[in-house]
Every structure is written in C-alpha cells, then in structure tokens.
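Here you go, one structure.
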Amino acid sequence: MTRFLINRLLYLVLAIWLLTIFSFCLNWLFPGDVITNMSGIRPLSPNYDMAFQLRGGDSNLFIQYSYYLQNLINFDWGVSLVSQKPVWAEATRTFMATFEILLLGLLLALLTGLPLGALAAARYKSPVDKVIISTAIGGYSIPVFWLAQLLILLFAVKIPWLPITGQIDPLYLIEPKTGSILIDVMLSQSEHKTDALYNALAHMVLPVVVLASLPSMLLLRMMRNTTVEVMQKPYVKAVRARGLSPFRVVTRHAVPNAIQGIIQQLTFIFGLMLANSVIVESIFNWPGIGSWLLKAIIERDYPVIQAALLILVATTLVVNFIFDIYRGWRFPIVREERYGTA
Amino acid sequence: MIKLRSTFPVIVTLLVTACGGEREIPEPLREGLVYCSEGNPEGFNPQLVTSGTTVDATAAQLYDRLIDYDASSQQFVPALATRWQPLDEGTRYRFYLREDVSFHETDYFSPSRKFNADDVIFSFNRWLDPTSLYHNVGGGDYPFFTATGLDKLIKRVVKVDRYTVDIILRNADSSFLANLATDFAVILSAEYAGQLAVKETPEQLDTQPVGTGPYRFRRFRKDYFIRYNRNPDYWRQGPGIEHLVYSITPNANKRMLKLVTGECDVIPYPLVSKLQSLNQKQIKVQSEVSPNVGFWAFNTDKEPFNDPTVRQALAFAINRQAIIDAIYYGNAELADSILPPTSWAYTTTSQQYEYNPEKARQLLDQAGVEPGFKMTIWAMPVQRVYNPNARRMAELMQSDLAQVGVEARIVSYEWNSFRRRLSRGEHDTALVGWYADNADPDNFFRPLLSCAAVSTGSNRANWCHRGFDQILVNAISTTDTEKRKQLYHSAQQLLNQQLPLLPIAHSMRYQAQQDYVTGVELPPYGGISFRKAGKELQQ
Amino acid sequence: MAQPDLYYKDNNPSPLQLVWYSFRGRTAAMFALWVLIALLAVTLLSPILIPYSPAQQFSDAISLPPSWTQQGNIQFMFGTDDLGRDMLSRMLIGSLYSFALPLTIVIVSSTFGIFIGALAGVDRNFKYQLLGHVFDRVLTIPSFLLALVIIAILGPGLGNAIIAITLSLIPQFIYVTRNAVHSEWQKDYVTASRLNGCSDTYLMYRVILPNITPALVMQLTVALSVAIMDIAALSFLGLGVQAPTPEWGSMLSRSLDEVYLSPWSMVLPGIALFITITSINVVGDSLRRSIKQRMDN
C-alpha cells in the first residue's frame, strides 16, 4: 500500500509540476506584455516596475520560472486586469462556490442514480426496467443548457417555486467570505439565519438538479449493467435458489460488487460535472470558478484565465488521485493491476 | 437505500418550506430594494466617466450636486447650494452653501467635519486644475467636462468664506448652470481625499466612495452586486428603505424573468413588448419621452470611412425602418437628425437616407469600394435607452450590407473593455448612442462630434471638422435663442451631408417595477434616482 | 484475372460483421441508425433543400409561428425568428455546423488518435510507459474543459473552436486504441501470427485492426456525441460559431431572449440537438452491448 501511495503521489506531483510549466508558458502564448499577463499590472501603471522586479522580468527563463513558482506558492497570483482585485482571493471564493454545488450535485446523482439503477436491475427486462433505461438514455442526451432553460421556465416562471439566478437574495446581506453560501450564512451575524438558509437552499435547487442530471443517468446505467451482470453469476443464482429475496440479493451481493466499478468512474463523472459547471454557472449566474473563467475568456483577463485553468485542472488531478488511492486501499486488486503493467 | 429513506423527507420539507408562498416576508426583504442593473460600473466617481451604467449606479445615490434640475417646473433648484447669483454680467457665479451637511460615515472613513467650501473647491479642482494632487489619479480624463468645454469655461473656483464659493468664468455661457446640475458635477469629500493621500492610496477615492448622498457605499463585487445602506444623516428627506442592492444582470431576458418572479424590484430597459405579452398585473411599466439618439458611428480616421460618399452609401444600404420594427418593436421613432424632434433646435433635413441598396452600391462604386469589402460593426453588449439590443441590430445590418457586397463582422466585448477599445479607435463602425445630460441642444453636439471630444474618446466617429466646431462655438456664446436656432439648423444640415454618424432612432425610455415600489425617479436628463424610494407592502 | 473459388471456403465473418449481425437485431438501434442516416442525407443535401437563404430577412414576417399553428404560414414551415429569417432554412444549414462539422472533426481527430495509439500500443518502451501515465492524467480532464483551455489561449471564434475540439478529442482515441492494441497483442492468435513470421505492419493491419474495429467504432460514436455537445455548448456560451451563422447551440442561446414571444425558436434547435445526440447514444449503447455479446460467445 505504501509503495502504491508513493507511486501515485509521485505521478500527481509530476503532473502538477507539468501543469505549472504549462501555465507559465501561457504567459507567452497570450498576446501582450508577459509581466502584465502574469501580474495583471499594466505597463503604464506606476507599480509596473515593482512587478517587473518581483517577477524577474530581465532574468532568464529558469529564474523567471522559479520566481513564478515562488509567487504561486505564496498565493501571490497577481491582480485581475479588469477589476484590479487580487486573483487568489477571488479564486478561492469562486472555487468554494463551485465545489459546493458540485458536491451536492454528486450526492444527488448518487442518491438517485444508484437506487434507480438497482431497481431497474432487480426488475430486469420488465416494463419498469425499460422505462427507467430509456429515460436514462434520453436524460443522458439532453444538452445541459437546454435542460437548464426548460427547468427555469417550468419551475421558476410558470410555477413560481424557485428563484432563477444567484446564490441568495442579496438583501440578506450575506458577505461572501468563504464563497460557499451555506458556510457564509452560518458564519454571518445575520439575525435571519434560518430564512437566509432556506433562501440559499432554494437558490441552489435548480443548479444542483441540472448539474446532477447527467451523472445521475450515467450512474444509473452503470449500476444497472453491473448489477445485471452480477445477478447472472452462479453464486447469486445459488443464493436465490436458497430463497434469498431479490431485494436482499441486490443490496447484499450486487451493490457491493458494482461499487468498485462506479468509484472508478467517479473521476470521470467529477470531471464531467466540472466541465458542465461552466455552463450551469453562467446560466444561473452562480459566482463559481466556471463562470469566472468564462467571463475572463470573453474579457481577455489573462491572469484570471491562468488561475482558473490552473485550479480547474489541478482539481481534476487531485480528485483523480484521491479516488485512485481510495480504490487502492479498498480493493487490493487495483494495486496489483497497476504493478502488473509498471 | 436506508440513506435515501432518511434524506428524502428532508429534501421534500426543504423544498416545501423554501417555496411556500404563504410564508411571511422576512424582515430584510421588506426593508430593502433590489435593482437589477445591466452592467458593472467602471468606478464610483461619475466625474471620470460618461457611461450611463456608472452614472445610474453612483451619481444620484452616493452624491449631491450644488444645484439640481427640476423637470416638472423646468427650473434649477437648490441642492448643496441654498442659493446662487450671477455677478459681473454672468462671468462670476456666487454659491451660498448649505450648512450642516455631513459626509458618509463608513467602515473606511469617519468625517470629523461637516461639508464646506473646501469640498466644493476640491471637487471642482479635481477635473479643472491639472496641477491639483488628484487630477491624474484614475487616468486624468474627465470626458464630460472636456467634451462640454466646462474645463475651459471655468477660470477658477474661489473660496469667499467657509460657506460661500465663487466660480469665475472666462465668458458668459448659457449652458453653465445646466452643466452644473448634471450627474457629473458631484461633490466629493476633501477630508477623505486628504486622508487617502497620506495613506498613499489615492485611487481608493474612486473605488471606495464617500459622498453626501442618500446612500452609503458598502460593498461591490464585480459581476454580482453593489450594496448600499441608507444614509441616516441625510440632509433632506431620504429613502424609505434601509438597503439598496444593485444585482448585476446583463441579460435582458433574465432581467425580465427575475422581475416576473419577484427577484428584482425594479429593472431598467425592460423588453416592453414581451412584458406586455406576459400580462403580469403586479408589474408597472413606466414610459417617458427621453431625449436620446441611437446611431451608427463611422470611424472617420480609417480608410475608406474618411470619405463622406462611402458613409452616405452605407447609410443608403441600411433599412432603418426594419430596425425600428424588429429591434425597438415600434417603440421608437426613426431619426433623421441627431437631435430629437422634441428639441427646440430641431430641423428636418434636406437629404433623407431612405433604404436604397442600388443607390448604395452605385455610390460605393463611385468611391472605389470593391464588392467583398470587409468591415467591422462594433455592437454594444448592454441595453441602453437608445438601443435595446445592439448585437441583434448589427445582425440586421450585416444582412443589409451583404446585399450591397459589404461583408461585415460583428465585434463585441464586455461593456467596459468595449468602451476602452472604442476610445482607442479600434473600430471601423460602432453602434452606440447618447442621451442628453441636460436640456440644452449643445449637449448633443459638443460631447459627440466636436474636435475636443475626439481626444476624450466620446467622439466615436473621431470626426473633427473646423467649420462645424466654429458653428458650435458661435451657438454657445450667445443667449439669443433665435440666433442659436439658426446656427443649430445649419449644424444639422452639415452633419446630414457629411454624415460622420447615421442617426437611427429616438427611443422611449422605459422602466419596469413591482407595483409596491414607490418613489423611484427617472429624471429626463440623467440616471435613475432612488432618493425617495420606498416599498408599500401589505402585511 | 479473376480467381475462381476452387475449394469450399467456410465464410468467416469479420468481427465487425459479427457485431453488425447482433446489432441488426435490435429495433431501437436500427431505428436510431436510420434516423442518423436520414439526418446525414438531409445535412449533406441542405444547401439544395433550403427554401430561402438562412440570412434572408423577411421584414413582413417577423417571429411567425410554425405552419401547423393558427397564425402559421405554410410558406415558412417552422416559422421565422425575431429578424424574420426562415427557421427551416436556418435549422437545415445549422445541421452543417452542428452535425456535419462534428462528424468531420471526429474523423480527423480519430485518424490522428488511432495512428498514435497504435504506435503506442505496439512499442513497449519505457518512454511510452511514462507518456502513458501522463496521458492517463490528461484523460481525466474532460474534453470540454480541454477545449476551453485551448479557446482561452487562441481566443473565441469558430475556427478556434474547431481546432480546440479536434485536439481535445485526440487523447481519447489514443487511449482506446492503445489499450485495445495492447490487450490484443497478448492474445494467442497474435503470438501465433508472430511465430509465423508476420511483419509488424501486417500484424497491425490484417491481424489486430479487424479485431479492435468494433471498439473503435464505438469510440467514434462516443466522440461524435461529445463533439456535437461541445460545439453546441461553446456556441451557446458565445465562444464558438458567431452571428449570423446558424448553429443549433447559438440559435438556442439567442432564442432565449424570445422565449415568450416565440417559444418555437428555442424548442426547435433544442429538439434537433436532443434527437441527434439520443440517436448517436442509442447506436453507441447498442454497439457496446453487441460487442459484449460477441465477447461472451
């Protein structure tokens, strides 16, 4: 296990290191002044000379890269070209906002996808199964941006249940400290915490549902297919023959077996959700990292683009690492597989 | 499965409680007002800008002026100055200031003294005197004052005593008071500026503002919100709400939907025809005749737009009536002059640019513009009074231009970058517009088309015509209305023939709000004012 | 010279044919396949089929509902949009950008991807091992995010979006090909062929390729649905196709302002996208099941 852990960790560090080099190179790929792209300080600004010094503007590339890395580690990520506010502070806030709906969306996807998948498998080839599985294929094929609009029209406009955009009614005066709205409400001194919390949750429903829809359908299909496979194994037939109810078979035997494959897929699902969060956030005006990146791309705000890309890609890498380690820990066979090829 | 069973009821309860319409409205929502604005302000000091978005967000909320313009009585009324008098045949104005006016007390500044003559002098010298400490903070451009010539007109601002100020002019000027009453001539705190200068963070003056207005600045988060608190020490009748929030919502459709769902209390630039088709009873739509013009400016610095024939040809190529129908839904009037017909200086022009593709092609050939000529149309990313959807308008024009063999590409950036790039003259042509800051017709000409406005960047056509400038100067230096009228008539004829810009429409100004919102004012000249805003909720 | 069949030959269907026999038996799959074929035909013929130019504006017919409604006009079957452009023509031309273009993108990126993947699958050097591990990491980044990265560098626009999506799809193909080749390589029949003295090239094209084709075809369908979704999403966000080019994603995005007055302008492109992607997914899903069936037998 230790060897496995070290091995994975090395690859993670290597990947992140390559990522920083890539992100460093972006400063040259973007048009305009390199130091400005890094620091967000325009050449005409009185602070430019200082930024130039701090980032080793006249030294060679290696020294510049070491300065760059140093700044990255010290969380001195420069300022936004547009708002002239520090990038790092905004980056953490937007990241937390995204992470919040991502986590809830993943939870919702698991809570809906897995039971429905198991249900379909338990009723294999029955009408229930057919309905569930065709819904899943259909649901998997709806473009998220279309689904989001349809849901807004239905549940916010036609039936006025839910708000359309934002994190919370701004009149609750919740300061975005951490970025995660639920935590911010908890931390706030507001006298109306309960109301604010309900309001924040209502704002969250639509983005979370839209974000969860695709992974939920994926999980459903995966769960059903693996479960069906397990159900046809001889040992399951044996326990069935001894009179174990189909429900018990599914929960006791099929599900634990299906979980491993699903955890392997969770990395992919997480990445998918991260990508979709760009679309969902921009539709629901959610102050997350995806919509932050999108605005930066449109406004050509290079320091922000860099930071957002760095964080998004690093997140997928780290999440991949965590799931990998978890799988290696829970299912020793994974460790052996890895060494089989290494 | 067990997990599911226990969480499901929780989710359902949450949904039901969160959505239940029966709940009493929580206190913060009753005490505050949400205005869904269309974009980010560039800063919080209207002196530095001409953008309506910034003016809407700051001028009437954070600041006061020396005098105000009352539209109903069409007179100037006292604000920070209680009274004023012209001296020395109109070349010196004496202002008597109001006593007992305090500046905002915020978490970044606590005033130790009340408003006095020093603040007025500081505020004027900021844009007037290039040697003043703060002149170059924020770039040193004061487009409104340069474009109206106010910086040339005023010679000095002199303190007579603690509560009396003299403004000395170089010559008598008929538009002086009108310009002082605009949203741009705000009064800042000299004490705050002094403190910031000591701390060496002078740029904070424009990002963390302090004024005397009905609201205090609390927080701004780009792309999301601006928060204001009521100023409890306001010197006149203040608002009936505690909090004012600008929720930044650039998408017009989303803004309308948020009004329908009650997430916004007031929205600017509603899609009127759509709102009417929704038939929502609790929503009020206010409309007002507004002195504005949406136009298509040609960058006359660039080939071939420096040739009047080309500009005329392009004008003939555009079906402006179709634009009025499709973009304004008929809520606007086809413009044939830059001045709206309601202005006393308006005149009909001799040459009408009706839709005529053949003639356009013929003129283009004559000017030597080959078929397949490529150009850009810069379209504003936000809605303005004078143009509800510039990008869509650009699409219409794109296909009109394709008919005469001109390939147009549509360019659009975020609003502030868009304006910055326009000022640098990166565009070939641009769809922009103007609405009047005051009742004087001069406000349509000098800020938009004078040579002085080229350098400040508000002359989007980059058009500088000496003869035209002379007419404007002659018109401003006389108070004889009949003579001025003649001069403005000839100015319009000249424009019509030179066509640095093609006027498209004079539009109505609309605003939609919930019926329980009261006192939100749309002064005909200038931004929106929440000074008397309140909410009348039934309990 | 024609070679006469002198001996009776047991007709041995290729793996792809085997999969096809199984695929043929699935009603939903065949239906979806026919939908796709029809779509492809319509797409390719769209320049001929359109009744009007997609950019032509009928100023007397603005926001006209589809012809099957009360106010509709048979002249404009799917109605017109807010600038008076014929929806049918725009949808048809839009299919070029939303369907034919992704198809081309997938073909180009699969060519590169399969070639590199095959090389990587054959060569078992250390550097490929390392490359493989770095690659596994890159793969965890979804293609849409990768496309966003590339657009962030190149700037928005249709050309850049095409480059971005093409590049972002290549890794998936490399990965699938490499793994497929790798697992086939260790099978007995390949070893037998090698013992017979077949060259690597022959092995690749005549021995391994036929056996991994079904897996590659399936990857093609996956990539196609991803490419369609990505190009629509990028255009929806304003980073891809620019006005006035009709593309389903951008049509959807601009229709949002009109949702109340002309709901059809939002519904039609949405449905078109939905049907296309569903059909591709159904085909892909059935392929996967057929491949599995073949393996099991």
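Going by the order they are written in, the chains are A, B and C; count residues from 1 in each one.
The rule we apply is simple: a contact is a pair of C-beta atoms (placed from the backbone, for glycine too) under 8 Å apart; a residue touches a chain by one contact, two chains touch by 3 or more.
These figures come from a predicted structure and were not determined experimentally.
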{"item": "Most centrally placed chain, judged by C-alpha centres", "value": "A"}
{"item": "Selected interface, A-B versus B-C, where C-beta contact pairs are more numerous", "value": "A-B"}
{"item": "Distance between chain centroids, defined by C-alpha means - chain A, chain C (Å)", "value": "25"}
{"item": "Chain centre separation (chain B, chain C; CA means) in Å", "value": "48"}
{"item": "Centre distance in Å when chain A and chain B are each reduced to the mean of their C-alpha atoms", "value": "40"}
{"item": "Chain A: positions in contact with at least two other chains", "value": "298, 300"}
{"item": "Residues of chain C whose C-beta touches two or more other chains", "value": "256, 259"}
{"item": "Junction residues of chain B, two or more chains touched", "value": "none"}
{"item": "Parts of chain B lying in touch with chain C, wherever the complex brings them together", "value": "251-253, 271, 273-274, 277-278, 319, 321-322, 325-326, 389, 391-392, 394-396, 398-399, 402, 409-410"}
{"item": "Chain B residues within the chain A interface of the complex", "value": "1, 3-4, 7, 14-15, 17-19, 21, 26-29, 31-32, 34, 219, 221-225, 227, 243, 245, 247, 249, 254, 257-258, 260-263, 413-414, 416-417"}
{"item": "Contact footprint of chain B on chain C as seen in their complex", "value": "55-57, 59, 62, 82-84, 242-244, 254, 256-261"}
{"item": "Chain A contact footprint on chain C (complex, rising order)", "value": "129, 133-134, 137, 140-145, 148-149, 151-153, 155-156, 225, 229, 232-233, 236-239, 249, 252-253, 256, 259, 266, 270, 273-274, 277-278, 280-282, 285"}
{"item": "Chain B contact footprint on chain A (complex, rising order)", "value": "82-83, 85, 111, 115, 152, 156-157, 160-166, 169-173, 175-176, 190-192, 195-196, 198-199, 201-202, 205, 251, 285, 287, 291, 295, 298-300"}
